[in-house]
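Two complexes, one shared chain (chain A), two partners (chain B, chain C).
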Partner chain A sequence: MTSSTTSTTVLGKSVQRPDALDKVTGGKHYPVNVTLPGMLHAKLLRSPYPHARITGIDASAAAKLPGVKAVLLPQDVPQRKYCPVYFVPTLAPSMVQDMLIMSDTVRYAGQPVAAVAATTAAIAEQALELIEVDYEELPAVFDADAAMAEGAPQIHEGAENNIAVNPVVAFGDAEAAFEKADHIFEGVYETQRVHTCYMEPRVCVVDSDTGGNLTVHSSMQHLFGLREKLAFVLGMPESKVRVIKPAYIGGGFGGKLDIGYIEPVAALLSLKTGRPVRIEQTRYEDFISTTRNPIRVYLKTGISKDGRFVARYAESTLDCGAHATHGAEVINVHGMFGILLTYPCPDQHWEGKTVYTNNMIGGGYRGYGSPQGAFAVESQIDEICEELGFDPVEFRLKNSYHQGDPHPFNPQAKLDSYRFQDCLTQAAERIGWSSRKAAGSDQGVKKRGIGLGCQPIWVSGCVGFPDIYEHSGAIVKLNRDGTADLSTAAVDLGSGQITTLCMIAAEELGLEADQVRMTYADTDTVPFDAPSHASRVTYSSGNAVKAAAGQARQRLLEVAGGLLEASPDDLEVCEGMVRVKGSPDSQISVVDVVTRAESPFVVMTEEGPQPTNLEEKGTIIGLSSMAPPANPSPATVEFVEVEVDTETGQVKILRVVFAHDLGKLIHPAGAEGQVEGGFQQGMGYALMENLLFDPDSGACLSSDFLDYKMPTAVEMPPKIESIFIESNEPTGPFGAKSLSEPCVTVPAPAIANAIYNAVGVRVRELPITPEKILAGLGKL
Partner chain B sequence: MSLTTLENYFLPGSGGEVVQLLQEYGERAMILAGGSFVHGLAARNLLPGVDVFIDIQKLGLADIVAGSGGLEIGAMARLADLASVSEIREDAAWGALSDALRCPPVQIMNTATVGGNIAAACPYFDLPTAFLAIGASVRTEGSSGSREIDLEDFFTGLFENSLAQEEFLTGVALSRPEPGSASAFVKLETNANDLAIVNAAVHMTVDESGACQAARVALGGGVNEIPLRSAAAEKLLTGQVITDELPAKVGQAVQADISPMADHRASAEYRSAMASVLTERALRSAIARMTGGN
Partner chain C sequence: MKQLISIEINGEVHELAVAPQDSLLHVLREELGLIGTKKGCDTGGCGCCTVQIDGRAVYSCMTYAMSVQGKPVVTIEGITENGQLDPLQQAFIDAGAVQCGYCTCGTIMAARELLATVPDPDESQIRHAIAGNLCRCTGYQKIVDAIKLAAANSA
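Let's turn to the complex of A and B:
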């Protein structure tokens, strides 16, 4: 039915990325390179204590240091609580407003307590050492369970037992269903705190003018969110805040979704001094600014004799650290897309808790709660299969949703383009699943094993059911040389949004990919766009770009129709010409049409110069501002082959096969790159990444990449194979849905399952370090 | 210390000037060689009070000279320079060194110096372990002239060495190995730019009967505060005919000489278990080299 794909001329080709050359020659347009005349540099003083009240600050010596232009203390900061997250209105009740910038209570080690702007970063840093802060230390707690226990230190007023939010979602009657189950499995699965490790640090330059207007350059994922939060925090009208869209940023992965403290602090310092103020975080500061929340999941599953899910119960405890930030939304996405909606099961009950501790704050991170859920769900499925003798692939096939089923989250919609089963069977065949050995049966010191992990249901944007709050907009303007300019607020995080959106516009306009250029945008000049988050840009922004390009194309055909004396409906755009379909001689170039439409034009004739008789005049332009029609679900399956050294516990990844149900494949090389990067993050999460903290002081012990270990090119497998299984998503631009997050979610369970298959050791706590494997083998 | 609060930076042209500056600035001064570990030390608050750099790149000291007695390596020779010396690449006796030089990432190979790798007295570096196994001494210059210190006596503690306050390292000397020698080095790390969790190196000389005449077994990477030699393992190995069972026994023997540290990268138990595994693997690799493998 919807498995055949739309035929296209531009889409499906690995065209060169327009930003590629710029980036490999230094990337001068990264926000980190923004400098403005007279710019000051600011540094933040951070609390050494995890929980304390500030009883006094003396910054007089710092203010006198030559070169220091302004000092910012908590009393200079409007004490306006805010939630740094942009999210769908349906989750408004779960959003928590906190005082995030500087307040007189410190809730985590490293929280900013003062800032200095000076002519150089070195002077600013020196000045910080001259600020004297008196702290009254308060008792601190670093464990979510301990924080919920009676007598624990209260971290935020009004949060009973330090619980920020406590969602409960149930379908059917899980308790009764467990009674009927033939087998019951339970387990606790734990994940750690990790950082996205974007390459470009968080950095901003904020300038102000005499009218109190702000201009903001920042390495972040959401133009309009930054404007909204910044205006709110500073108590200013939004129209006084202009956020410039960076040409691209050096990675975000959700870690730059927070509208954190650097922009408000730089803004206040700029308003104080009348000069542009720059703040660039060190890697250490980045480590303590935003992380993927650790979640502990207790998962209980009831299974029937014939291997079907009968009942499920889960409790998830999320340690959000000192402020809720994204933790209140992550827990919901985790519960729904990480656990409840993964496979059909009639009777389910889930409880989530987002708990305050004096740990550093969490944030957004690719997958947004799903990796923590998938690690539990997909690990446990393999445990069930091992115990009951089911084949893990067959078991998942039997227990999954099918194309045409009602969407599990939004029953009014259907899983029209869903191809999860094809993903499973094709990837299983590619990896050689049928020749998989029994767990632990490989011989020798180094043992090999195969495992899989799935993300059966994911999103193409946030799920704002029943409405889809993923608004996007675009402007497409045709130039007189036959090219087009595209302008949108969707930020390219490095994952190729520029390329994809230009390709979609080109396809719609009948141009070549390199004839569409992504051009300047800021919050004053383009329509609203939701953040580059939630696997949404290709689908949601893509739909808006297609609509704007379609409008421009329609204008082009109307004008050309007048010139060719043909109906616009009979025209097509091809190779730079507008043609009457079926009569190739009747044609006019796009250049001609655009030129004539845009400006007064005189034609030479035998009777002398004649003005054009074109009635329609004006630049050929299209504009869209709209919400996407739906939120179709993509799916991803991954198989990995590992080799475990049974003497050292070290794991080597030998082979990786992914299969993705993504709708239309737009830019094959870009899609492969997404998956390779996703696997690297997922593999790091599975095996080594871990932000470490001093258990007594709560201070972050990971100061740089000597401590924080992530896979380098050397640890990566020689090749990551991606099978892209296309279908035509009826609501997507040219049939596209999404790709970007599931490839981060599935590696941890796939690797855990492969390790089990290799050596028979089940590790339920990430990262799966060599020590845990050796302990499992009884060698430690 | 933070790099932005540096007070002074000197580029002396002679060893004498270096000694003078060290005398003048005392604890405030630090020798700067390749500079690759400065951030690592500063970020961990291991440079308290340091605000003067004495950059020794103008001194020369970068030559690597082969003579009949052995190899003289200037302190300022880059790791990549050392790796390109054909004798080190080809002589099985120095195999441990070429193994160790395969570990650091290419940027470090091109910036880090041999002297810096030793002088830092960091137990997690690789060259000290390899040098201990193949036998090396360091050359220094100070207020009372130059001296030669056996590498075993050089390391005195975590990030501490036996250099006097106004003394610095000028080179490393390797003596020419006995015929019939081979060595190998093995490292355990989390990723390719990691420092060693544990490393081990074995050097051995075998006589015509196939018996081990002399052996040196060295370990590093947090099996102690300093890289060390295992007397117990060496004793067990010396005089033995090489059998297939021997490497595992030698690996076990190192337990008598190590006292592993626990930190956020590994527990003491894990380091202890790995010390035996890695010693065994290094020995097997050295034996393979001896018998003509590489």
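Let's turn to the complex of A and C:
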């Protein structure tokens, strides 16, 4: 680790996660465990057809089944079109409002058409079988190109050629610049549909009261987004919806970043019955609820003789399925951060199309369009280097941004902390890049190769993005036992937000990490917040937590200053004591200060009642609600060594070296965990994962973990080495910026490039299965 | 039709009325409130529901409750004795092997069978022992570290 940041006492050391003990002994606090007295269980009836009109529904037999308490049909549901994405205003102009909770038109196989609430889940399921639905089948289309072709079935009214959004971004004059390029490279790079595979299913419990107020428990990534979307689709004021923050959830990865069908349906059933209603999705339902959108990228790049980017042209076609949902924004992030902003190139033109099909709806997933872009850009760079004889590391070094350059996303700002070059050179040295052999030159049946993939520019949240919320808030309250409570709406998905934010608060307050506790929050009690997404929590929530803790600390020093007869500016907090700087004898414990602040105004002493000071009274508390000051870019490089069996096409990952400029390392074990888990997801994307659908019926064919393959402990490499570079981001909390998403983005291109280096086979379509490698070797 | 059965879970005998199709997972979570055993897929694919039956690590979602009569079942709630964590539980904390934690209990139960039968397992034995337990957060590296640590601490 390279360090240039200011010294800290709590940050930078691995601590025991505050949630670990509970999780190893059973994990009581997952939303899946929430039960309430009198709770009903609901199930959704889903369409077997990918495109159909409902001409009639008869649920009378279901309603009569003993134990059934309510049935919900399309005609019972408010017909308010919405966009389910949490992090944008519901009617955001840049998004598409094309969904209904239930509709008389079905657009994908699996779309809910009715729901039943009953005393048990088994009865609800039994009741679904008694509902008779008459469908008028409509022609369906499952391919984005076919959907855009003339005569294709129209999936949504008004979407010409089934195109939901069609962004175009250009810098300079790409057409003219291609004329000046010495070399031009072209390629088509395709990625598949994959699932986040959070382990805890989507689940919710919604309760209502006689005043029509809703209380919502849900496994999701955004309290305030759920409140806003649920209130909108039900036509209720937001203040009547209270969303409880789960202590933690069983994974999200972007897959719980939009309101599902389950929360509105449970809410309507609860309002109908007056009882709490729980809906837990089956794994099949999870698999068809959210996905990383497949994108096909046509990428054309102009290169100068000396190996510099001269011009770039790209077209990206995203299959968003039956509704635009995240696809309207993923396409933009993909175009900008996946392609255009990756390396400086003066003249560029990119066009994106988000296309409706009758496939399942898309969702968010770590990287949010960037993995699809990086696979194209980073693969093609290696193709360029191979063809023109450039070293892939040198080429990227020569073509990269530098610290101090204008920020490519926001040219008013600078890349104040940016050490991409250090990531590249340190990781290259660690993997042994200099001893890399020519492509396919290894002898024997099993051939080894090294490759790399980069995410040169990424985000720390969403400042600067049109229509995207970027707020954070925190409340820090000191307790009379010398500890502090922190509350914030930032949900811990498992990636350690609780740990990181408690450590930041502790550092600011002068307490130990385990003296700060993350406590209860709901939408009624804490400031508005954006979701846990976009690699934003450490930076954005971290800044808010630091501000709230700083305010509490200031108040602590003011009260202590009165007791010590010193100016607050002359005081410091360490080891549970408030001290006069330079006078260690003049001190008072935090416990005494906080206790005094909350003591009765008049205290009884041996001399009789004595008044204290009115000005010192009141809980020592800090509150923040703010937008972060900037959106600094981290930088990420990953090298992978593979072994490819040329007889079977099997790929084994031997080594992984990951280097990342994260500004300041706050929790080392947590940061390594992000890298290691990110590699599992990226490796699955590269080699095996694929959500498959029947091409005729649109039915999901890989709807459980027997058919949807992800890497187990056996396929994973023995070790993933992390190098963290600390560039000290001036706007970050103690110098920190982001980490999470690039961990998932870089493995696929690194693996693809390593496979090429091993066997000389270039695969431009994920996943890189043994069949594709053998075909490339001419053996199939 | 439900039948009355008697099953031993964590050393305690329970008399329960169960339907023939009820899984052990369902009975643990819904009837007995033993919510440490998780449902991740209910189709025998993720391993979150792993418990020990007669010492063997088994997917409780794929096990009929009726079939465990006479076979002692141990769940995550049964491995902490007198407030003392199982060495695996402590090692998972110490090695930083817990992220979202949803797979953790099942993985600990799978590793528990391994350590009972192979006290000093090598890396490959560890990885194969937990190959039926999916984790989406950790990349398994710190889980493998934790199992090694537990083995070392138990030696």
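One rule holds for everything that comes next: the second predicted complex is superposed on the first by the 749 of 780 C-alpha atoms of A that agree within 3 Å, B and C clash if a C-alpha of one lies under 4 Å from a C-alpha of the other, contacts with A are read in each partner's own complex, and residues count from 1 in each chain.
Basically, a contact is a pair of C-beta atoms (placed from the backbone, for glycine too) under 8 Å apart; a residue touches a chain by one contact, two chains touch by 3 or more.
What you are looking at is a predicted structure, and each value in this text was computed from that prediction instead of being measured.
Undergrad: Counting only touches as set out at the top, which of chain B and chain C does A:17 meet: first, second, both, neither?
TA: second
Undergrad: Touch check for A:718: first (chain B), second (chain C), both, or neither?
TA: In the superposition, A:718 touches chain C alone.
Undergrad: Is A:30 contacted by the first partner chain B, the second partner chain C, both or neither?
TA: second
Undergrad: Using the touch definition from the top, say if A:710 reaches chain B (first), chain C (second), both or neither.
TA: both
Undergrad: Contacts for A:314 in the overlay, against chain B (first) and chain C (second): which applies, first, second, both or neither?
TA: Touch status of A:314: no partner.
Undergrad: Tell me which of chain B and chain C touches more residues of chain A.
TA: C
Undergrad: Kindly list the residues of chain A that each of chain B and chain C touches, one partner per complex.
TA: Correct list for chain A: 704-706, 710, 712-714.
Undergrad: Under the definition above, what is the set of chain A residues touching chain B in their complex?
TA: Per the stated touch rule, the residues are 121-122, 125-126, 284, 647-648, 650, 688, 692, 701, 703-707, 709-715, 770-771, 774, 779-780.
Undergrad: Spell out the part of chain C that touches chain A in their complex, as residue ranges.
TA: 34-36, 38-46, 48, 76-77, 80, 85, 89-90, 92-94, 96, 98-105, 108, 123, 126-128, 130-144
Undergrad: Using the touch definition from the top, list the residues of chain B that touch chain A in their complex.
TA: Residue list for chain B touching chain A: 2, 4-5, 39-40, 43-44, 105, 188, 190-195, 264-267, 269-270, 273-274, 277.
Undergrad: Residue numbers of chain A touching chain C in their complex, please.
TA: 14, 16-17, 19-28, 30, 32-33, 196-201, 248-251, 253, 282-283, 493-496, 669-670, 672-673, 675-681, 704-706, 710, 712-714, 716, 718-720
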